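Shared between the two complexes below is chain A, which pairs with chain B and chain C, respectively.
Our next item is the complex of A and B:
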């Protein structure tokens, strides 16, 4: 055996063995760890300052989860888009558009249909309308090679304008008991919107981690060339990603209209940045190639806990922006550090 | 020699891009278990030739025969379907995925979870990865690690492993040793010996005459889109090859 042969017969270790595995594990769990630390912090503060509990109050837990629902729905779609190396800035106003359209659709359908089918018509209309801007986004980005940031920024403006035009510059009230029950009712003590969101996030987790669609999303984020050469239809895949992202925003919009029994064009305006922050805090890289649904869920909960917790301990609300901003920056720094220690993944 | 049918036969292939003639009636044969090195200066037509063989370009004239049958590949996928696999310099791997996921990228196997839910069969991918890499004399211990964590030579082996798993009969390797350190280059050279012993045909493009002489059986030299000469390794030396390349 030549020396070259014998060196080959050695077991192959990754070039950076050891700490890497742990770093990757910690990266996956870091948002959950951070969430635990936050909960411990608020619990301790509440006990010492007010002699009350933060964590063991059903009311608080419900408020936090209901608060987390809307940015989480946007963030679920964004997780896919960001893993593929793109970004979708239009989801906030697509959510508003869907909220307005579903409210109008229910009001119109109520003239011809009993309340329950009228509600269904509204839900379908709200989600279906989201497909149009999502499809156009995908077309711009995959076929016409417009950078995602610019393409979806344009759609941000278009969706915003159309949503306000359809709403006539105001909010559109809905009178439908079924719809109100969807947004505000409970099922075995759990808010309906939370149940719907949990079912949807399980579906998204399955899609990302267990299907070819998810696997190809990761591959495209790592290297579009590699995906192309492996025979993946990259442009059609991108098209689907942006439709998925818009549909998530559409569901968010419908649930918003159900919760407030009104459609508002500005429904998603403050949620865009929160949802991207949730994805990033959850361990996704804006360079693409990494991220997970579990991380995004933790990221959305981190933001909700900070926002609700600060109100709970009586801190001025403006500190919410400061603390969420600081958390985003820390997450990105941790991500950079892991990248340079972990090597390989660029 | 005449008794065995060549694996791949390129006959008088020409390719033009507008007014530029990139290939001028170039012929090349490749036998099973043979390594043919493609040498030539920049712009000699090496890449055009391999891209014509692998279906990226279509020849304007001439024909390509695989196992004696004339073939026309409209796309690289079609060539791959016939067992012609190209391993590019930048490797075409997804760094964030495991070896198994890279081997199966675009054709992932599935299984049914709980008897009805289709999910990716990661266990099957890991097992195939281990077996395939073992066939290349690479014994992988950490199958779940993303390939970005492996060294250049190891990644080259993964790219070759993917081709081997899908049963490539003709492997076209574009500068497989260019981006590697010396010990890693030696690994790739011995990988090529392993592939050769398995009866696959290899077309090997390199600027490094040392590597060419270490692994190939024959050298085909191109110059300005034409065949400048063809030599058996046993009957030539560095000087002669360099002269053919520069046209001295």
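Our next item is the complex of A and C:
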């Protein structure tokens, strides 16, 4: 990631020699450092206060990772969009739309198909429906030059309305044992939703760090003009980015419906800001050009650990908001410092 | 000729008066119902009940609301409704304090206000005390009582001993605050039950599930959880399932939309306290009509509850309280 990023975003400047390189490295790993500090903090507190362990409990680890799954799936797509210099505000309700559609599709298909194919039909329908709002987002932003913030805000409303209409204003229960097992079952002790998410994030990591698609994403975020002059089909690329982001949200929605055996239109509403926070804590800049999947994973875990940990050590609930906010601010400050140390300017 | 003209004039005047009288008799009252949010089975059921009463009384019912439970989005809807000058407003105010001034505008414009489900100020109206006593009636389930019923049912389910906690949305919502209050107060009658600190989940099932797991991780002897609304209960039930505690940790839910009922059938939720929202809607319209036609109405009307569990949820007299879509 760093090689692609630095070579594209700072093409004229030579690599900064000396100790600063290490400072930059550390700054890039800041989300993982935060995570370690948090874990040490909670472990110390739990031992000191309760004589219990926080970190060395499989139960706690499972709980935190299951909690992180939903915001992380939204954040994975957002990482690409934010690196390209855009933002996608519609993902929360695209997730809800997918949850509702997959629940309905499974219920409908159950009339004609055995449970397993009915579940597959629901998953395909849930993910496929997400492509539509993603495609329209991409069209608005790349072809009609609508600013991403506004275009996706409009889609936020459309997806929300359609999801609620389809759900009839309530949650849609779904009865399918395979689907329930996908959402809540375990495979060798690992929750299925976590396994699915890990496989998907490895794919996303590969896509971003090892492929031309990933390089172009960084290039567009660093400078759209430069990317155009380098012969990148920017508009088509943007189109694909917003579809990717919507599909990530769609997978999140399907897994939500599987987990709660119900599709809810408002499923992703509270997750939007958490997912953007995860990307930013993970080291992405909202100006575009930097960010990584590994950072985003750490960012999502940071938020999950704070929220789970504060309940675990029995702290007043409202400190959760304060602490996530503080971590975001520190994260951005470190980002600024990194830019000035590394000599990068935006 | 003169007489003819006079006759025609007299006839015309008479006809106009007659027509006027006829119009007055045909005047359909318009009553507006503003729910806490439009996208919730509870308020959809309330709308159905209100519509039934409106049809029976020949009243025109307008249903307008915001998509989320928030004073910031509800106030503009209320303003727009006031601008249309309905004969009465039924509203589920989304905040005890923030909706007082916006609703005062309706009262000042001579539109009688009745609150349904939630209230403003203290919920005690027409007392001359405070600046929020102007609504004529408050029609709702007694949520404190609902909390008490939940506490009794949950206590029974866990054998009247052990640890429980409340999974709640956020503080400041009159109804969920009252459910928690009633629940905690009633639990004082069970000396062997400890109520742990309430967890607020911001109406996010994902957060409610994770909070359950964190509470359980610290209290492995946890016996029950009371989900004070839909997503609190759905999330807590999922937390129980993720922790492998289904059947060991009991889940009591408040409200009974289809998804909760499905969870009762699958055993993830042990019992649900169903309010009677369509009853609230029905009596809301009836009370408004009574007031408009010069009858006096009680300042508060309490509607009932039904406790649902696996054993009775299929019986028609219980199943009719499942919230409609």
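Quick note on the criterion: the second predicted complex is superposed on the first by the 328 of 346 C-alpha atoms of A that agree within 3 Å, B and C clash if a C-alpha of one lies under 4 Å from a C-alpha of the other, contacts with A are read in each partner's own complex, and residues count from 1 in each chain.
Simple rule for what comes next: a residue touches a chain if its C-beta (ideal position, glycine included) is under 8 Å from a C-beta of that chain, and two chains touch if they have at least 3 such contacts.
Worth saying up front: this structure is predicted, and the values here are computed from it rather than measured.
Contact with chain B, but none with chain C, is seen for A:232 once the two complexes are overlaid on the shared chain.
Contacts of A:52 after superposition on the shared chain: chain C is touched, whereas chain B is not. In the superposition on chain A, A:210 makes contact with chain B only, not with chain C. Legend: residue contacts after superposition of the two complexes on their common chain; A:44 is shown touching neither chain B nor chain C. When the two complexes are overlaid on their common chain A, residue A:289 makes contact with chain B while staying clear of chain C.
Judged by the document's definition of touching, no chain A residue lies at the interface with chain B and also at the interface with chain C. Touching chain A in their complex are the following residues of chain C: 38-41, 44, 67-68, 197-200, 202-207, 209-211, 213-215, 217-218, 230-231, 234-235, 238, 241-243, 257-259, 261-263, 266, 323, 325. Partner chain B is touched in their complex by these residues of chain A: 2-5, 7-17, 20-21, 24, 206, 210-212, 215-216, 218-219, 221-223, 225-227, 229-232, 289-290, 342-346. For chain A in complex with chain C, the touching residues are 50, 52, 57, 59-60, 62-64, 66-67, 70-71, 160-161, 164, 167-173, 175, 180, 184, 191, 256, 259-262, 264-267, 269-271, 304, 307-309, 311-314, 317-318. Residue ranges of chain B in contact with chain A, taken from their complex: 76-77, 80, 88, 90-97, 101, 105-108, 110, 113, 117-120, 133, 137-142, 145-151, 154, 157, 183, 186-187, 189-191.
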